[in-house]
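Input: one structure, supplied below.
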């Protein structure tokens, strides 16, 4: 096993981690501030990917397609929030789970009707294709570095937003002191819509930039969603720092695990154990810290 | 069950009788359909113990169904086909799985619990996909249904149906005793106000775990029966959509009622059958339909029948 | 002199920089009625939560019946004989009054891993429930769903549930909160009846109630014990008057 191979897997792990962070950050904000469990979050990942693939095919330009697809996601998110999700904020979790689950089923079927069951093709943009040399003659795809960078940039933006802006302060306050925030006269509905919109945008973005790497087809959102859940459980609900740490942890454990475990344990048990790795990680964290690594103390 | 019989009770009794007569029609299709409804009804009843009576929203119940089904199929694969051995084994394996998963997941609550049960079920899904020896993604076939020392010929659809029906009725009866028992009272109290129950002296974690194991064991039995019905066990049984469908059955029928989940299972399956006849994209109707039910008809079909108001959450 | 039934030593609880309880020490004798008073935000509810076992202390210890229970979870303390009521009514809304109290009694009747026999047919439990409801004056409302009871009846129900646990120490968190004078008097009568049977530790704002039932008072201000002793002594204590600015000590009862 060469060092270059390991480094490649580490970089892949970080890339996966950043994509997970995009999913998890939106989710954890919605959970933490709005106490709302949204299973349909994964659908926006899928929609982002489909829209980007379609717009790329229509316009011929990846760079045009991305903002168009983002706009599409946000519009769809707004529609869904106004039409359905608003009524669920005050309901109990069971209702929220079932309602958003129904939305998943609906979106998946809608996507099947519109795009069929075959995977959509999405090319890597020319400027970002190709690889750069690492060391020992090893190469690493530019595109993967680019989207990892984009993820980090968005993470930094989010950090600045949450820590240094008024909206961010409201978000942090809303996570632990919802009634206080409301009594301050803040339009909590607007705050919720903004947070939800952010989440949708992040999920959609993650979907569309991952599109060229993996298949764009129906149902790709949910596996990402479930892993994002694992991230949040590990990191702690409502904590963006937890989402970041959790994402990187999960991204690395999953990627490196899939590479290393079959080498160490052979191919009979290695792959099976590798697919269990992140869940075992989650279980270990839970036994040690049931509320996650960065649990928020509620006021 | 409690005293006075209302018209709706007579309706249920009539329906039950009608269902029991289905094999007499002689059409294997309807017998299989009725069998499937009873099996899924049984599984939904087990989930209702958690959701409706215990306040635990498990989004990973399909995992325990899968454990029971895979135990059955794998034992058959290795030549063990006696129902006397296999069915208890399926129950034991699911119960053990529920014990392990529940012990970890129940240390949390609320949103965490939902996500963790979903995550563990997903883990089992991927594990089953990775079981190359047992078919991986395609699953493993059962050449024949389980045997019972020649006494019961499960290969015959009507025999299998009546066996399932007997088990179903026994389980529902036991369940009705369970929810009225001291254990059931504690569980219902926990659902309503867990903090209060703790201050009264109940170690709520233990009671919830016990309920989780019981529900898991019953689901495992359902899995074994389902494996016998379709004679093909694949990872799709553990898919998260399956867990979601089970939750839908429970709420469609009426959460926290005895027969609600059965009604829900029947409604779900029949709706699926009917809609699938019109279009292969029937889910585009079912999805929004479910959404409307959740938003506006909380008590489910049970509330419609028995004309109580929507259940207070 | 009998051993104290409850002894609190240097109990402290901090939330970050906020010290909700600061080195509180007090003791309650068996069959003593001990009231904790103080302005809002003094840390009274935090103290009760620590004693009950819902909140774990930052420092200090709690001894109940001579046993260190500081690390014991709430449900274990309850089993030892510590019963509590909640400031904001916390009953099991979907149960009837009778079933609420029966559930409390059931917790004392061995384990509840019984899966077959109906819970509502247990005569001993039903009997205990019925007599507890009788004592608080709710016998006529036994079969009413808890959610339909009036506010005052909720408070009565809470006390009935506590009594059904056969406690040796009763923790009452503002038992007369939100009640009119007549209802408060009912509670006072009940508490006076209970005095010879068990120890009571109560948080109260209503000074009439306090002076009618308390054997000793502890005054809590800013998370600390300001003064502790017999009611008359406390009433005359200048530090206490200063802390309260004379509001609460209008006219003697």
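By written order: A, B and C. Residues from 1 in each chain.
We take it that a residue touches a chain if its C-beta (ideal position, glycine included) is under 8 Å from a C-beta of that chain, and two chains touch if they have at least 3 such contacts.
This structure is a prediction, so every number in the text was calculated from the model and none was measured.
In summary, the chains found to touch both subunit A and subunit C are B. Ranked by separation of Cα centres from subunit B, the top chain is C. Here the CA centre of subunit A is 48 Å from the CA centre of subunit C. Centre to centre, using the average C-alpha position, subunit A and subunit B are separated by 31 Å.
If you average the Cα atoms of subunit B and of subunit C, the two centres end up 43 Å apart.
The residues of subunit C never reach two or more other chains; the list is empty. Shared interface positions of subunit A, i.e. residues touching 2 or more other chains, are not present. Interface residues of subunit A facing subunit B in the complex, by the touch rule stated above, are 31, 35, 37, 84, 87-88, 91-95, 97-99, 101-110, 112-113, 222-223, 226, 229-230, 232-233, 237, 271-272, 275-276, 279, 282-283, 286-287, 290-292.
Residue ranges on subunit B touching subunit C, taken from their complex, read 177-178, 180-186, 188-189, 192-193, 195-204, 207, 210, 312. Residues of subunit B that touch subunit A in their complex: 51, 57, 59, 104-105, 107-108, 110-112, 114-116, 118-120, 122-123, 126-127, 129-131, 240-241, 244, 247-248, 251, 255, 281, 283-284, 286-291, 294-295, 298, 313.
Put simply, subunit C touches subunit B in their complex at residues 52, 54, 73-76, 78-79, 83-84, 86, 90-95, 99, 102-104, 106-108, 112-120, 122, 147, 161, 165.
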